[in-house]
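First the structure, then my questions, so here it is.
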Amino acid sequence: MKINRRHFLALGMGATAGTMLSPLPWKLTDDASIWTQNWAWTPVPEIGESYYAGGACTLCPGGCSLSVRKVGTRVVKIEGNEESPINTGDLCGVGISATQLLYGPSRIEGPMIRAGKRGEGKWRRLSWEGAEAQLAEKLSALSGSKKSVVALSASKQGSVALLIQRLLAAVGSDRFLTLPSVHDTLEAAMALTMGREPGEGVGFDTENTDLILSLGSSVAEGWGSPVRMVKTAAAKTMIQVEPRLSTTASMADIWVPAKPGTEGVFALSVAAAMIQEKLYDHLFVATATEGFDAFSAWLLENYTPKKAEAVTGVSPALVKKVAVAFAGARRPVAICGRGKGDTPISLAEALSVFALNALKGSVQRDGGLVKVGAIPYTLAMAETDDLGAKLAAVTEKGRTELLMDWGTNPFYTLATSQEAADALAAIPTIISFSPYMDETAAMADLILPDHTHLEKIQDVPVRAGLERPLVTLAQPAVDPVMTTKHTGEMLISVGKELDADAFPWDDYESYLEESCGEMWEALSEGGLWQGDIAWKRGLERMLGTSDRFTFVIPEGPVFLSANGDASRYPLTLVPRSSLRISSGAVADAPFTMKTIEDTVLLKGVSLVEMNPVTAKEAGLHEGDTATLTTSFGMVPVKVTLFDGVMPGVVALSKGLGHTAFDEYIGGKGSSYTALSGAMVDSATGFNCTWGARASLKRG
Amino acid sequence: MSLTGEKQTGREQTGSSGGPEEKGASGVVALFFIVGLAASLAIGWIVFPKLLYSKSEQPFDFSHVTHADAVGDCESCHFFREDGSYAGVPTLEQCIECHEEVQGESEAERVFVEEYVAEGREVPWKSYSRQPDCVFFSHAAHVKGAQMECAECHGDIGESESLKPYEENKLTGYSRDIWGSNISGMKENSWDRMKMEDCGACHKETMGSKGACFQCHK
Amino acid sequence: MDSALIPEGVERCSFKRFTLGMIIPAALVIWGLYAAYLCWFKGLNQTNMNDSYGFALWIWADLAVIAVGGGAFFTGFLRYVVGKDELKNIINFAVLVGFCCYCSAMLILAIDIGQPLRGWFIFWHANVHSMLTEVAFCLSLYLTVLAIEYLPLLLENRKLDQVPFFHNLGHNMHEVMAVFAATGAFLSCFHQGSLGGVTGVLYGRPFGMREGIFIWPWTFFLYTWSAAACGPCFTMLSCKITEMITGKKLVKDNVYNLLAKISGWMLGTYIVAKIADTLWWAIVTVPTTGFTFMEFYNNSNNFHGLWILILEIGVCGLLPVAILVRKKWRENSSLFFTAILLAVIGVCVNRWVMVMQPMAMPVMTFDQWVLYLPSWQEWATTILPVAGGIIIIALSYRYLPVFPQERELNPVEKS
Amino acid sequence: MNTEPKETRAKKFGMVIDLDKCTGCGSCMVACSSENNVPVRKDESDKLLSATWIRVYRITNGKEFPDTEICYFPRPCMHCGGKNDDGHSPCVSVCPATATDYDHSTGIVSQIYTRCFGCRYCMAACPYHARYFNWWDPIWPAKIEESLSPDVSPRMRGVVEKCSFCFHRYQKAKDKAYIEERDVEEMEYQTACTQACPSGAITFGDLDNPDHAVYTLKQDKRAFRLLERLHTNPKVYYLSARSWVKRAGDNYVSSEEPTKGPGAYKLEGHGGH
Amino acid sequence: MFPNVWEWAWDAGHYIFFGGMWYVLAILFLGMNWCVFKAIKDTKAGKGGGHDH
């Protein structure tokens, strides 16, 4: 028999029929589709018991308490702690996204020493013993050369800050520095007007106020303790003074678009109007203040609404309207500190705002500007004298031998110009304690990475303009993800090498307990310690037991003019704040990057906001590519038109343009800080930059 | 090649495969058909399932009967947490309550205590009934809400003396018990299969509706 | 070397020349297959589609090829159901073009879905309320019908025809072709319509939404109508192009004339209906959504200006109607060619507008117009079926007796 | 009055967002992403490709300086009930494979990733851009995979995803309620965005339950819904006292005044909602 | 698609839609079968083949 194609055909047909009658094709089709739901490269989160751990957020000064949701040993979500008086169960996006910082690619795996050229990104891993020995060696080599060792600390209070200061003292340096904020100016102003004991701060009792006059403060966008202030912004009557329609301005009942940087002058013009119209609190001024006559004469001579108009551009009618509203409220308060309050203001401006509050009697009372008692640490804190000048020295060439950074990221936050950046890069030895590969760590010679706030126990003193002193406790919600070490622990260990007597503690935890003293019980039980309010309430104050307030005529200029030649730089650059962008030392996580609007950042390029009128004059259109130049640097940007920004002003978002971290965070947009330069207040020496003159050219 | 030559070749072929041989060959053709049919049926029903699933043993043997006798019920080990979630397979911590030391002489006991208890390592049990990640299965709704018995879905595993091998679908990565051991998908008992259709059938019967997607998916 | 396969009594170019001619389309097919491979294995990130433009070039290509492939069903309908006997001279080609078009559509759909291995869910887990389900069912069924209609032609290949069984099968299929053609016409009415329904039922998208009858929006009927009108135009256009390439007259003018006349009247009535629909939509439907007619064309990125409406209805609608309806004009070969070309462009523009504009147009007041430019992968995979179609048509022409009048029109001297 | 026992009565979960309180802080977006394992990419600045189940838009009144005003407009999935609230929401009715459905017992529009085959018809149908396609395989850098929640199934590439009103939270709340043999309380089932919102702008609950806050809020004079006149019948209500904001909620011919409240645009010939 | 599939409902929509589908499938299936069987019959009867027409 010859087998031909008919037989094969029959075989094939039989095979086909048989296959169709078997489960093979049908099950395979089904399983292939199920395979697509179970691809090995699509993660399947492990299941486990779900529970909450406590904690505190340190990503901004806000002092929010956390409820960290865990599944098994993993952190899966960060929520606000409902027990917290500050954030009552809510949390901002930056705080929530910390899970991605914790597990993210910018984490530093362990102690490392530089292996290549500086900033090249080549590292050699060290053991912790090795790294600590390196640090001790470097420090002892410089021991005695007083000016040369600098430490920058994220906080000027608290247990770790004190250890840093001790370590400096051990090598004979007094250059313990922190990044100044508006609170540093406010405290200086308080010392002059109301007297100040060490550790005392300034607060604003926004809970009990009925009207907030905000002099450029981004109440709804991150000033003070953000979550709490957002609630305030949503609930209270507000008057907002600033050149750009921010969220706060939009939510305010009155928006006063004063020229950039003139908020202090505007405050004085309101004060003058109150005196002119006799709207001030006569009783308070008469019974509880000093120096009113001289102050009011000075005010009426220099800052009548009419005279101020030349500076602020605000009509006397609007000034009067604000004065009437402010004076007419029961318990108004004027707050200050532009944007998130992370940049100081001039002392003169702070004194002006103090005076305005005093004219309404809004000092040391419910809903007013109040003194905040010192936090009762048992180990006293010394404050840094001359902080402004010492900070300025860090960005001067040849003034520093060794720089240690604990959470301030100076290569981002202090690099206000190309010169400043160069000076920082010229420091011979740079040591970072950052858990993240931030700009400073990337330029460091030695990295001794700290735990993140979710991995460690640590006191977090809150300095966010609250009405009372407050400390929260960061708690280890999760075992360290990397080979990191608590900086406190590391400092004790290194300190022992240098000066055993100054570091008598066995470990950080016992030191922490000792340092916190009476606060420890509350901290360890509830994760939070709150002090009493130091000011007088209701009836007590009526009886005239209040401290006296002194009206001080400011010496320096109230309005600092912007750097740069007006003819070369016809525009004024101001920062734009957003709660969606962490503008501090630590950058945003991927989740927060999602939330940034495409009018802020588009395909990796920052946008500048400008008024359509200004744009028309400059021949620019929506979406145009342009170069933004100040006397401190230039960056490529795109243009977005916004009616809410004052003509002649351009606004650039603060907090972008990170160059380090990882691909998800770094290389996105441009840094406002790098363009802003320094505007030094002669009275305090602080850099009080509120903006810079700028030009914007197409291309 | 000439046109006519080509044509002739064609005719010859046609002739050889068709016409004359046809009648005698039809039986042979049928035989080929049957061979093809039988072979592919065998492949589909017998060989294919063997290829599709991989078999592996559990880390060590375990007797549900012994444990059920000792502790009395399923819920002592397979319990609900306070938040209503179901704890599933016991963790080492639970087992240690009784198995700090070696009890009895079984090999499994020795392995457990030496390799896991002593080392503090969780036992990597392979779960026969684990649903895919897209499924939210509420034990609370079924056991507490609907008062169902464990056996309705899990069968008689509670009465087993030892653990059967774990079979995994090589393509989908899921336990064979989801589809059931019968490759045709037919089932006799309520626990033979745990596909969506099976959930639906029961829901339809007891609740009047198969329910919305988000009842059981996440 | 392949002369044994070439139909009797006709002349074909040399195999070498034929192969050379196929190089470009074959290269395009390979390019397209590579792009398709990228889309399948790397995902749809290979395209420039985005969350606002989820329906884009591919969906347009799908709708367009199906619209122009409508020649098969409508010619079949005229030939077998209405009984226009002259059309038997072009029906084979119409079926062939239709078959290529529908294969293209299926191929594009297979690339266009994010999870191709789950594609069968559309049948198995069908949601009967979805127009896309209706599309998928009718489309695949109609493709089957087209395959059945194409099969007898295939069986007429000289070699295959020598097998008695195939010969008889082909013969028998011819006998019952009217049943298949009628079924095809029925299916086509529905799936051409349901393609129209795809955007027509989007009541969240005021540009797409067109009210209608029962569950069907007006676009349902307009799509069927326009496909019936323009499909034959595409058949004739392809036929004319084939004639140009082969340099032979393949179909007699009276056939073109008849089909052109029918198409002209179909297109004419369609354009009237389309204008009526547009007016109804502009005057009645649009205001209820809070829009004004011009908002759909203004403020856009000039990609979807009013010009597109003028192009679709005027230049590619009324103009070809005028030519095709008037005997004198349609008998002028260049006017005739212009008219069928415009009609084909018109229906493609219509599909473009109905897919792209609802996507590009902002509905929320604070939304913006979106611009989208396809990536090369999208272009390549869109060109792929066109090139593939060219190859299939070329092969069919070469080896099958596609044109019954070819022998008569191009007598070959026997050697 | 409804005399049926509570647990068997159909619920209609919905949201009321007070636009006058919203500060656009973006907390809701991050809380949502973290809660729901929303994938991240290296560049999230192209909003046409960046998935945020709830997206906060910024809108302005279009007036010149200094009369400009802004308002933030959070937009989750609207969980449309469709015309006449019959469950034929724009997306559900078009999905060819029933990968998205309308749950009549909760009013929630589901999205089942393992059923979806990625035709994107639902995205074309949704006028709110509430649906997002997974153009890429989800890749979480470094150890970020550790932070994924097992309560929500991560999506594979090629499927559509969207806000689920944190339905898994309802599933978990029900589990707890089963154990304690009681009903789910209003505060036990809250979405992640509601929980995170610092300004308290978002309220969530059963729109049909008079004991729930949303029941009262949706009847507020300031209430309106987004694109009301398309009859999508959303379950997200917005509140604003500002007329321009209200106007921005829908399209109006210039002569029209947006004075009508939710449900004002009735379908002719039907009961309407 | 089939009554045993999850989404199947015993309603008019399914009857009409799937009814139409199965009806068409039946026509195609029967039509093709008729052609094939008739072709077999014709072939056995010695019709067709080669060029006898």
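Lettered A, B, C, D and E in written order, each chain numbered from 1.
Throughout what follows, contacts are C-beta pairs under 8 Å (C-beta built on N, C-alpha and C of every residue); 3 or more make two chains touch, one makes a residue touch a chain.
Please read all numbers here as calculations on a predicted model, not as lab measurements.
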Chain E reached from chain B - shortest hop count over touching chains: 1
Highest-count interface - the chain pair sharing the most C-beta contacts: A-D
Central subunit by CA centre of mass proxy: D
Mean-CA-position distance for chain C and chain A (Å): 61
Whole-Å gap separating chain A and chain E, where each centre is the average of the chain's CA atoms: 73
Mean-CA-position distance for chain D and chain A (Å): 32
Chain centre separation in whole Å, for chain B relative to chain A (CA means): 55
Multi-partner residues of chain B (at least 2 other chains): 11, 14, 18, 83, 85, 132-134
For chain C, residues that touch 2 or more chains besides their own: 115, 118, 121, 125-127, 129, 133, 162-164
Sequence positions of chain D contacting 2 or more other chains: 46, 51, 98, 113-115, 137, 150-151, 154, 156-158
Interfacial residue positions of chain E with respect to chain C in the complex: 1, 5-7, 13-14, 17-18, 20-21, 24-25, 27-28, 31-32, 34-36, 38-40, 42-43, 46-51
Of chain D, residues touching chain B in the complex: 100-106, 108, 110, 112-115, 150-154, 164, 167-168, 171-172, 174-181
Contacting residues of chain A [partner chain C, same complex]: 29, 32-33, 35-36
Residues on chain B engaged by chain A in the complex (per definition of touch): 16-17, 21, 25, 28-30, 32-41, 43-45, 48-49, 52, 81, 83, 85, 87-88, 132-134, 169, 171-174, 179, 183-185
In the complex, chain C residues that touch chain E: 123-129, 133-134, 137, 141, 144-145, 148, 161-169, 171-173, 175-176, 179-180, 183, 186-187, 190
